[in-house]
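Shared chain: subunit A. Partners: subunit B in the first complex, subunit C in the second.
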Partner chain A sequence: MYRASTPPALVLGTLLLLADAPALADSANFELSGKLYTKWMYKNDDSRGCLSLSNPFWPDNIGGSNGVCSEFELNIKGRVSKYVTTGVRIQSRWGALWQSWWENGDVRWDYPNDSLFHENTSGESMGLNHAQYMKLRGVFIRAALPLPSVRWVHFGASDFGMWNEWTIGKLRYIDRDNGNGVLFEGAIDDNYLRYHFGAIALPKLFVGPRWNTGLRDSDPLAGFWGQDWAYAVKLESTPMEDLDVKLITTYIHDWEADRNDPDNTGISDRNRGADRAIDWEPRFRALNATLDAKYAPSALNMLSVSGLLALAHNNVNREYATNGVAFDQGFSPVIFPLDEDGNPRAANSMAGKLLVEFFDPLEVGLSFKLEYFNIGSEFNSIFGSRREADVLLTDGILSTGFVDGGQLPTLNLANEFVDFDEPWFESIIGWHGATGRVDYENGPLSTNLEYTLITYNTNAQDRDVDNQYPDFLYTDGFTDIQSYTADFDYANIFDRGRDPRSVYAQYKERLTHIVVLKGDYLLPVGDNFVVQTKLKYVNDGDNRRLGNPNDNYRGHMYLGWLNLKYQFTDELQTRLGYELQYWDENLRSGSQETGFYDYDTTKHTGRFGLTYNFGGLTFNYMLEYFHKDQDRDRPGTYDQSWRVWRSKASVEAAW
Partner chain B sequence: MRSFSSYSALLSLALGLGTVGCKAGGASGGASPGSVALTDPTGDDNGPGNYLYPTDQVYKPGSFDLTAFEVVPKGDTVEFRLTVKSRIEDPWDSKAWGGNGFSVQMAFIHIDTDHAPGSGATTGLPGTNVRFAPEEAWDKVVIISPQGPTRVNSEVDAKANELKAKVVVPRITRAAGRTLIAIVDAAQLGGLPQPGWGYQVLMQSNEGFPDKTDLLTRKVNEFEGQHRFGGGTDYDNDPHAIDILMPPGKGGADEVKSQHEALSKYNKEATSPAPEDLALVPMIYPGQ
Partner chain C sequence: MVRSRLQLGLLLSSCLLSACGLEGFFYNWGAGENVLDQTVIRGGLDPEVDTIEIIQPSGDTVTPTNLSLGGGTYEIALASSTYSKLRLNGTRGDILVSRFIANLGPKSVAEGLDLDAKSMTTTLLIEARMSADFQNLQTVGETELAGALENLSALYGQSGPVEELKTMVERLIAAGGSPGPAMFQTPRLNNVFETEVSAINLEWFAGVSVDYDGDGTVDTSTITFNEKLAEAAQEVGIPVCFDPERLRVVFEVDFNAGRLDGNCDTISRFKWVRDEPGKSMFFVGGIHMESPIQDPEIDASMSNTGGWVPNTIPMFDDGTNGDDKAGDNIWTISYVLPKGLRIGYKYTWGTQGALWTGSEEWPGNQHILEIVDVNGDNYVRRRDNFGDEATNKDRSNLKRCGTCNGTVTWDTDRNMDGIPDAQERPLDFDFDCVLDDWATPTGIAPATIECAE
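Coming up: the complex of A and B.
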């Protein structure tokens, strides 16, 4: 272990010397790989940093849109024996600008409270993350131990890709080796019963009420996270050649110290009941399970049928967890439900989906897909995938032409720590409906047409969004996904427009239609000239309070996108695209008391991009102009415009 | 009773669509002279018989189990279609890295256009660890990769520059259902496919961070890992091919056996293998 003040170059040099040292006869078993990545970001604003949207809720001073940042990673894998492999990743911390020449990570010098020195380049200014320190990550040992039926035992870091989106999701890329656990993998019979078992250390952030596992949020005596774990088991079987069946069950247990334990509340007097031991009490417990099956008959190669049933149980101990709905303005990753008598209860819900696919059954290039989905109104996968996964066939509501999207069964989405060109993810809690899609492939043409109908199990009247059901800060947080003006607009403080309707609302009677047509066509000119297009229409209606005809929301959202890709040389590809969006929203914003008012929004987006690869170097560049006008009828509001230029470039090399 | 193909023809006429995927048994049938349709048995996605998939969930059962291979000439272009047993997915969001709509699969289609000894290449591309007989040397190889064309070209430049003239990076690469589709200009192949051309397909897996000796291929090790195949060796002597075509290309059980035999014949003791230490894979000459 080295101290943070140890020069990274010295550490790296030492490691390289060790790897190459002739005295180490087994250096062939020492596998090294590295990667350098540099990103440029520019935007016509005064933010500073290399990440479009950083942590929105407390200042971490790495977010911003003007700057150049570099990072380095060193991956080391060792083959201890034929039975044991090891791995570690040493990664520099992200956040320092190229201008941060002398940052050393020391605390900022502001004595005697002189604000002049709060942010400077003296080397004692911006905090450790701006010193590009090397952090130990991704530490694991993997062993084929001679245990009956066990194929592998894995100790340490994993991205948890062995479970699924509905239970314990694969960690997002930037978190890929932050999670640790002890994992067993084996088979009683390779066909009939394969298994995974695991005990996974809960991250002290995000898996639980208020996005934590007990950071003293309700009681300074209770904060305790050293014994918070998730336990998981997966059983897989292939009972017949064409059928795969999988059962995954995960259980999360967040302990706190018993706040009433005598050893926690006073002197260790035996007469008080003190015994030099502290009891624990559960703060949060969650059970998520899925049973899924896939049938792909060999005799009918065109057919695939897959289905999934899911169960979610979330149980919050209000004695130890602060009610995020009541105390965080409706922004909470769990619900706090009460029974009919007003007593706290667990949230229990089921979910299911069934996908039937016919791959080119007529042999004319036409494929057909039909998916039914039904997600319970209180379903929540707290440790499920937060982004970078997609469980439904539909294109969804949020995605555009330039910005992709996905649907996930959790309130615990992670649409932060992203750049403006990255996908966005929406919660499908309560979604009940179906998607039909026709794909057509013929030579240079690839296209598909989708229709999706969504009704909502979360439709309700006079739902308690003050204490029980989160309605995501000001009811409409994830709205226009392109026009975040700064970190602090994550919760839509400045009203970016377009109402996606929150998962829960006080009054909700919602119905959504989605129609999407996508196509790619290789033009018969030039060497490699591809035109891509997407047309999308979302008809979103919410009658809100039944009996009040003056609060009925009607959103008509139109999108047209055209993108041209041309490959000039073997190494250089360019892209040029344009997107038009128009949102005609009647009675979008307001309240039952003040009435609701109309919004009209027009957006034009143009993008130019290129990719250049040569000799192991990859360079990417993107320039975007984003032009948006929003007309608001609501009294006391003003119309808004966005005239935003922004760009992102990166150069990387891995070896 | 009408067959599916009858309905297909009717529907094509009604919709004004060009017929795709018309089956041609070998090079015969009513299709273009150079069209090819071969079948590969299911359940042989284990290389020499003992290869195991990586353990990560993205490697779904059947993902590398080649079941069909088609060559469809269309005007001045040629469409190659590889079908696998499992629906092709895009778990790594290839759009985000300029990819082609799938993530995990990769394939090399080797083509012998002259069937002449001494003509063509007998070595596999870097990372495949196979060789070809001199009389079945390949003249072109079509790379089906989820990586964008500039990345593939860059890798070829860096790792197989001496073979670059023989490498064909398709104008379009995409996935549809269980099928990988690549469209190339016939001129890139030296002309439209002809009867007598030979083919061999190596199923591999896309590795975005390949070893310096591997052309975007995923390694096979002695033990499987989260992103490594298992069942081979930790050296580059074992064939890094999960499934291949075997003569006669009709999908029979005998082809499973012959594949296992062919891919097993490598020198397991050679830690720095010479070409002759590698497994020899055959070409298939449809109709011959």
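Coming up: the complex of A and C.
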């Protein structure tokens, strides 16, 4: 026994030596990185903030376009051993303006009005999100456990980039640390079977009916969200050198406490069946699966064929989920379908796409791409990518020259918490069509020409948009994504067109053609002068109610964009561009009862930008003038104009 | 290999179960469907109402799983359970028809619980009687309520005040039906059956034209109704079971000028207290160290949290909380305290949160009181004159007598009335320094318990 055999003096001496020893400054197992980011925003309006389009639902006090904001993040990565790594990100909260001195995060009670966030002179009026508090984010432990086939087990934060857009999508940038799970990665055989397993804590917001998993404030039929999970499996195989196959299956389960459980309905009497334990009932279940494969024969390296088959199953328990279609004016991330007898049923739908690519088969710089896509009318990847991803080849309808876009198979798009220069995303639920694209690259010239035809599986007559299918209230007209951010117009006060999530309408018989020509050309003037251009034409037709010739929508979008980029030095690049859009929309808005009326829209956008890099510092500046005239024939409406100047600048340094 | 697979199996199991939310699937595996068993109430409706509220004795409402109204009937389904002392309130505009239900069992169906003038009359009578007895639904037992309802039921159809009151209620209900405040409100009688709050809402009454007593003229006063309700309420019997272990203790302090102390000398009430505007009376005390009962919660309720904190517990002179009369400068506070408890206490004339100086009756020392119901009325009523240093003040007592030594203990009786000075005492009605008679408090209920089944 140590205590019996070790002389006390020796123990004491050892302790004294240890006490005197200096603390080891062993930072070898620490990896620190930091980043400072500051953004300036200006717009010729009276909004205050550093984010063009903020929370659409809870009107917060972050969004706005005049102010300067800074943030800091500290990343700590720990190498505990060769088998175990850890990570933490400590990040300041976004939202405090340079102009807002003294704000301390407290919320002074506005006596006697009893209202929160009432601005006053106290320095205690705007809440903690204006006080730059540091928040613990992105916590994970990753371990290479000595288990058969397992490479890594990951506990904690992840952006879930290992799944795909159709199942569990990579989290958008602002959510990149918010998701947590337990994830396994390994391989039975490096070629034949690689795998990911994951159990992911469902976000209490957005993955479920009414965009939540049981928040009583949002859904009075629910109230339990602490045990809701998603489960995911990805199996990958390369059975032959030229073929990659991937199977992903995800399952979402939102539990609620059984409101009929005897313990929830009365006294704790055993004769009533009460047992001080409460059963759970599912509120929402969803299964999404994809099987995708890519074949690129090495013997024919100009050819690549990739395809994806997807399945979506959404099952809402209406006992525990309020019907958002019926009670939220048609705003719902899930549908509430009924069977022929009027009974609730699950939504089941398939989707598929096939992309065939020929890379320069004639060896003259011409490549050909052809994509077929068919998305079921009730397909919905509720936990799929909400933005910052794109599943189709087409340029789509939304994107412009200055503002990029993408297409995603979900009703759960998130075109919010963005600035005016960020991409927009549209739902492709029900899209059925094909894209053909020719790419040409020859020296300084890079160009492509696209044609896309879209028919719609969601075309239907007298669809029930009152109780079953969400129409997001605004179903008509080209979506003006620039007005969206210029006006903070989530509620469509200023008639900015169709909601990008609006795929269902009471009467829909729609057909769309898209033609796009893009080009980049390195001018033979100096070495650093690039001209970029985009010409786009969208022909969008919707005959709406069959038999009514007076409601046939015909929309023509003409877009021309020219952008000049000049790299003055290694450090400095400047950009100057102009975009013209003209929308000729016949019978754009109205109703079967009042009739439909024409719209003419002209938009001019000019932008100047520069980027400067020096010694680890990056400075960006962009100034935009947005000029729009919208002529409306609808009785009772007036014509509208936009003369918006806005700018965004940022400086950042990372180390 | 086997070992590592076992390791993998155990780790995966623990991860998949405890860390991944899978327990819910196992726990609910094979769980049968919980059918919503219901407790159902049915009855007739006269008049028709738009909605019915179900109220528990605590004042909380019960949300029905189903409520159907119309065609002169109603049906309420509640989640199956035991319900006790429910009140139904059916309303349409200003019309209110109520009913007490003594008890309902799980999965039971109660029929014939009509909401009409008769049930409303019964409700008013029960409420009036409870107020006269200082009771409420939380203190009245379920069995006692059921008995009272049954007894009352037998009085209808017979000549007498109950039937006459029902006729008046019928006429009042017939005068309703318009939007506006409810026609009835909770009546309050004192313990000698005098009306303190009418059962008829005066705001409603002022806006209607009704001959509720049937004398052929429109009534302009609720007095006749009040008197009939008070008369009929005396025929309602609701047994009261007093708390065998605790008593209602009412402290009163007279702060009027010219009051006499235990020596019959005029008290100088501002001898130690500063006479400043904005002040009111506060109570402070604590359990005496010689008390056989010690209870930190009681101590805290008297603002003794390790030491007496003055000017935190306000007394009342507004006719509420047991105060007899508003504005008479006799301030009141009451507690329900264990029998045999011994306490020290003092009054302060101050402002909320003020310090001792300038507010206490006298520096140091205290009143002492043992919780004993001397006159057997189920109350302890102790009325003191502010600043009286010659009655139950424990030290430096100024009482002058042959054997007085300035100290009062629990059995000291220096006024020789047979009652220890540190217990309750009769009141001096004419302020002549002679204790006249006992008086039971009328503004607050005694300590009661629910009667045993």
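As a working rule, the second predicted complex is superposed on the first by the 603 of 655 C-alpha atoms of A that agree within 3 Å, B and C clash if a C-alpha of one lies under 4 Å from a C-alpha of the other, contacts with A are read in each partner's own complex, and residues count from 1 in each chain.
Throughout what follows, contacts are C-beta pairs under 8 Å (C-beta built on N, C-alpha and C of every residue); 3 or more make two chains touch, one makes a residue touch a chain.
Owing to the predicted nature of the structure, the values given are computational and were not obtained by experimental measurement.
Once the two complexes are overlaid on the shared chain, A:Gly266 sits against subunit C while remaining clear of subunit B. Contact with subunit B, but none with subunit C, is seen for A:Thr85 once the two complexes are overlaid on the shared chain.
After overlaying the two complexes on the shared chain, residue contacts for A:Val364 are found with subunit B alone; subunit C is out of touch. By the touch criterion stated above, A:Asp258 is placed in contact with subunit C alone, subunit B being left untouched. In the superposition on chain A, contact is made by A:Gly616 with subunit B only, not with subunit C.
When subunit B and subunit C are set side by side, the one touching more residues of subunit A is B. Once the two complexes are overlaid on the shared chain, A:Asp631 sits clear of subunit B and of subunit C alike.
Looking at the shared chain after the overlay, A:Trp280 reaches subunit C, while subunit B stays out of its contact range.
After overlaying the two complexes on the shared chain, residue contacts for A:Val150 are found with subunit C alone; subunit B is out of touch.
For subunit C in complex with subunit A, the touching residues are 1, 4-5, 7-8, 11, 15-16, 19-22, 24-25, 27-28, 31, 34-37, 79-82, 106. Of all residues in subunit B, only 4-5, 7-8, 11-12, 15, 17-23, 42-43, 55-58, 61-62, 67, 74, 77, 79, 83, 85-87, 91, 93, 95-96, 98, 148-151, 153-154, 157-158, 169, 171-172, 174, 176-179, 181, 183, 209, 212, 222-223, 225-226, 234 touch subunit A in the complex they form. Against subunit C, in their complex, subunit A makes its touches with residues 145-148, 150, 153, 155, 182, 199, 201, 227-229, 231, 253, 255, 258-262, 264-267, 269, 271-273, 279-280.
Against subunit B, in their complex, subunit A makes its touches with residues 33, 35, 79, 82-83, 85, 142, 144, 152, 158-159, 161-164, 170, 185, 238, 241, 244, 296, 298, 301, 304, 357, 359-367, 388-389, 404, 422-423, 439-444, 446, 520, 522, 527-528, 530, 567, 570-573, 611-618, 620, 654-655.
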